[in-house]
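Same chain, two partners: chain A is paired with chain B first, then with chain C.
Showing the complex of A and B:
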């Protein structure tokens, strides 16, 4: 059984113990953004006056930009992991370390995309429905 | 590189006491895999394996722990509970058939709808996932068994006893009446033992679910066949991994909620009582942080069955494997951001509702992607129709309809219109029938030959399908309208002339048609089949591993194959023949012990031959005593419950100690194909360490839910903490933390000193540790002695944190003593140090729990 990929790229042969966790980083950023937005809104609406809403919305906007930037960076890294040395193949079903490496890149990329959309969705109420009532 | 020597595994151990590394050629070459086994040897191997894996006979079968036996019991029990809960639904439909009916009294009706929902969720939907996975996951992975067979058996017996107790209460007319979500304040005001039965019985079953999740996650990560890298796993394994993770984060908040709820009911600590600073909304939060992910915990495993069935009938590998992995993982995450959509009508700030509405819409994307992947697979494949595919087609149609109404109710203003009406009843039944019931039945028809060796009836299966499909739509499609014209849920009767009469009659008729369909299905399952011919080995011509095993043999896999494809039966030469001729790994059992192969997490390189448990009664005894600890408090028999709980702990300690001292007779053994693998490993290489890690993740989630409660009260209540409240004693709390920190350091030090060959120093550490732990626990309790938990929610929640932590310190002491005993008897030592690793891991979590508790109890209130 050969460990060489037909396309020739040989990025990573050692086991990526961390990479099962790495594919979830995009959703983890989504979750962090979600919790921060929810908790900040709960505290502002319960403990502070509605005059502070503008600060809350600015804060959520900043958190959103930070989250989107992080996810975009993760997505770009995953894109490289998936495509580099693999330009002509779109599925990774072979039994090589290289294919496993690229598969994990692909899964991480797709999860980054869905997390990106999720973060935008979460930011929308702060844009359109900013009231404590 | 096909003819040259294969690469070899193996390096010298880093130190004297480390397990020997695997050695020998890996991966195997084609020549090695093609090497035949001599017929005489093959016969001898089969005799030995058959004898080793033979289940106990007669009534002793109750002591069996093998996944094939326990899985069948588990599934059959779930099915029986489902039929019971279904009968309750029929009786409710009879009551609602005509206006002003007096077939059922209001109280009985309340018990029935509460029990229908609770049983369908807790006794059918979630355990069915565990049952099917325990039964089939090893087959999907060509494993002989799961890593902790006794844990599966313990979970099953707990589930059986708890389920009979909860469901049985209805026969005595003492069932809970406050709905399957048991909202306070109504559930607090409910007389009798109904809510206690619900809480304690279901807590018990939740513990069984978490046990199953631990078992299944470790199974997927460590029990795959060599070569099955993460990009080759059957999709079912991906879903099990995601769902197991979700159970770990979703069930503990409910356990924390149950803990608070029972403290309020039994001791009057006012967590949900607004007159004393409590808030019933906290229960809703904790319930739905569990409750919404639970919907996906039910849905994903069923869609995973679909992912196994569709490629077979499309005769084409799944299209978009990584896209389905995306949707499983993505749904798993997003489903935790949806819980407040069950609470849209509670008056939370609009902006907060918006976040949950947004996440509820976002989760549609990954959910939809997997359905499109299935459709794409069917489009590119050469589809042959079959009975399982018929059920799958029905499920996709129904689920899509349920998903679309889900998009509607995720919009808060629309939800306000239909909140608490039959529209929601229709929606949830569409998602659960389409997303769970139908795929599971498809799985029953599809996998029956794997489990029993016999096909189910094609004709009866078609009858069952069309009756239940038609009946389902007759019952639930009109309910959308019933809800839109205003009929509320959970009313036991209604006046005529509101336009609800004919709709209800129609739904009742449909309900009986569904029942007819299930009766046909039940008959097909239980009818005697001894005269029927044996099913062919792979009747659907599938490509996945479960079809390579012989269902008549209890050994699971004859030998563990080397896998290089997602569909090895389609792609690998002579795959089934070789595996069944013993041309794979561990083809023999010369030591007459049950064994399975453990591989690495990412690339499934073989790393250990694991000895797995043989039949034993101890699981049954432990489950019996655990049941006593949960069930006796319902009848206020607290002393007996305490005795039962102590006996349960003692039984579990004996069970664990007996395993911990059972050292293999050799360091390594021949695992076949030239490979030598270690038999005893410890630390992160061992499955037990992974089991502990995963369990503690769930445990920490429950603790985090209690901490969430503290912050919730702070935001939701103006008087938290109340003016002039007595705070915990700061110096004592800090002293407690210091004592626990030293005990933690001693536990960690014991493990490290022992590994370096100084077991006597480790013994000393474990002799001092328990004393410090007990002193730390005592100091923590003394620190809150002046707080009266019955007066206000502030002292109550502080006490709840202390009770939680003290209970865990108790477990920590037991573990230290466990190690001390093992070290003194020399059952544990520098080479056999797995228990010390696992205990140190527990203590990392315990140290963190103590730190957070002291911060929340003694420091935080002074700052708020």
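Showing the complex of A and C:
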């Protein structure tokens, strides 16, 4: 039966659990970056002076690079998971453990792509606006 | 014959649509139009609109051209590779490029809308359903108080500090600049730089209660020298002549001063608009009526008839002659 995982059910379950967590990781990084950027800006603009904006913007730049790096790494991993052993097959329709595994990689990759774009869009205002007004 | 029939069927809709298009185009002009800008920021926003419009037209033609191509001109199956390439490039790549450039362009002009002013500061407070306006020239220790009209010098950037007294309002003067909300407990900023002298119309743009649609104002942009002259006059109290006039006696007798201020007299009410130079405004009751003695008399007798829910009582108990004397006197307070 092609449905059998080589290392048995328990092992497969653990692996796919990790895959499921990875699927959410892209959007989670995006969310964290979003919250940190907006909260930090609100606090700096409300409580500190405009002079601190340089630091805020540098901080957002650093957070952005970190977020993008994490998401890129995740995307690369997901790509591998999806493409592993498939030369020319782009779909994983079968109810087999291999197809399920690759499908999760595919989904994680797409979410990583959109999170990557989301992080850039979140950071763009900080690039252009050097004021709290 | 056939050809003629063809041309008439084509011309009929055009004939029907043309007047409509003209009417719509005519609406693009006027004192409250973002498309006939009289301020730096409005020019920038207008330009943004045209860029986006042109872009949309190009996109529309492109997409519909493609539709036409694949359904009429070339209705054959595509290779899978080409089809998927089209989906990825046209469905993900192209929107990404277009949206990112638009976002970057929009963000790049946004700080300009809030640039610090050159000195003059206005403090505008939205109230149900009128505008409290204070002018703070550079170095001023107390403001020049006015209402329901905004005057701005041409060629200078003025700072507008926006407040709200009761509910959320929105200050919108499309001919000069953009729109910014007025939120109770918060101070918002917008700055404006008119480029030509003229008269514009602003409007509250956030639903704020019964008479929200009747909460408008006139904005007058003036050459700096004219503006300085006007502001100096606006800072004065009412004249000695006006103080002695019969209209003033009626004003006092009716107790209008409990809600309205008349600088230079005992009237110091702050519930309603400052009336020291009410006759000098272009409109009455926040853009609702013309500034004439007749309109003033109607307003004082039945403000509720012009603004549902208004926080001013009607004075329809006053006799006709007295009312007109009061109205004429108010109209004369320039």
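One rule holds in what follows: the second predicted complex is superposed on the first by the 119 of 133 C-alpha atoms of A that agree within 3 Å, B and C clash if a C-alpha of one lies under 4 Å from a C-alpha of the other, contacts with A are read in each partner's own complex, and residues count from 1 in each chain.
Here is the rule we use: a contact is a pair of C-beta atoms (placed from the backbone, for glycine too) under 8 Å apart; a residue touches a chain by one contact, two chains touch by 3 or more.
Predicted, not measured: the structure shown is a model, and the values here were computed from it.
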item	value
Residues of chain A touched, compared between chain B and chain C (which is higher)	B
Which of chain B and chain C A:45 touches, first, second, both or neither	first
Partner chain(s) touched by A:131 [first = chain B, second = chain C, both, neither]	both
Which of chain B and chain C A:121 touches, first, second, both or neither	both
First (chain B), second (chain C), both or neither touched by A:27	first
Which of chain B and chain C A:68 touches, first, second, both or neither	neither
First, second, both or neither for A:106, with chain B first and chain C second	first
Intersection of chain A interface sets (partners chain B, chain C)	117, 121, 124-125, 128-131, 133
Residue ranges of chain A touching chain C (in the complex, touch as defined)	117, 120-121, 124-125, 127-131, 133
Complex interface listing, chain B residues touching chain A	1-2, 6, 27-30, 227, 229-232, 317, 321-323, 325-326, 329-330, 333-334, 336-337, 349-355, 357-359, 361-362, 365-366, 563-566, 600-603, 605, 715-716
Residues on chain C engaged by chain A in the complex (per definition of touch)	96, 100, 103-104, 107-108, 110-111, 114-116, 189
In the complex with chain B, residue positions of chain A that touch it	1-4, 15-17, 19-20, 23-24, 27-28, 30-31, 34, 37-38, 41-43, 45-47, 91-95, 97, 99-100, 103-104, 106-107, 110-111, 114-115, 117-118, 121-122, 124-126, 128-133
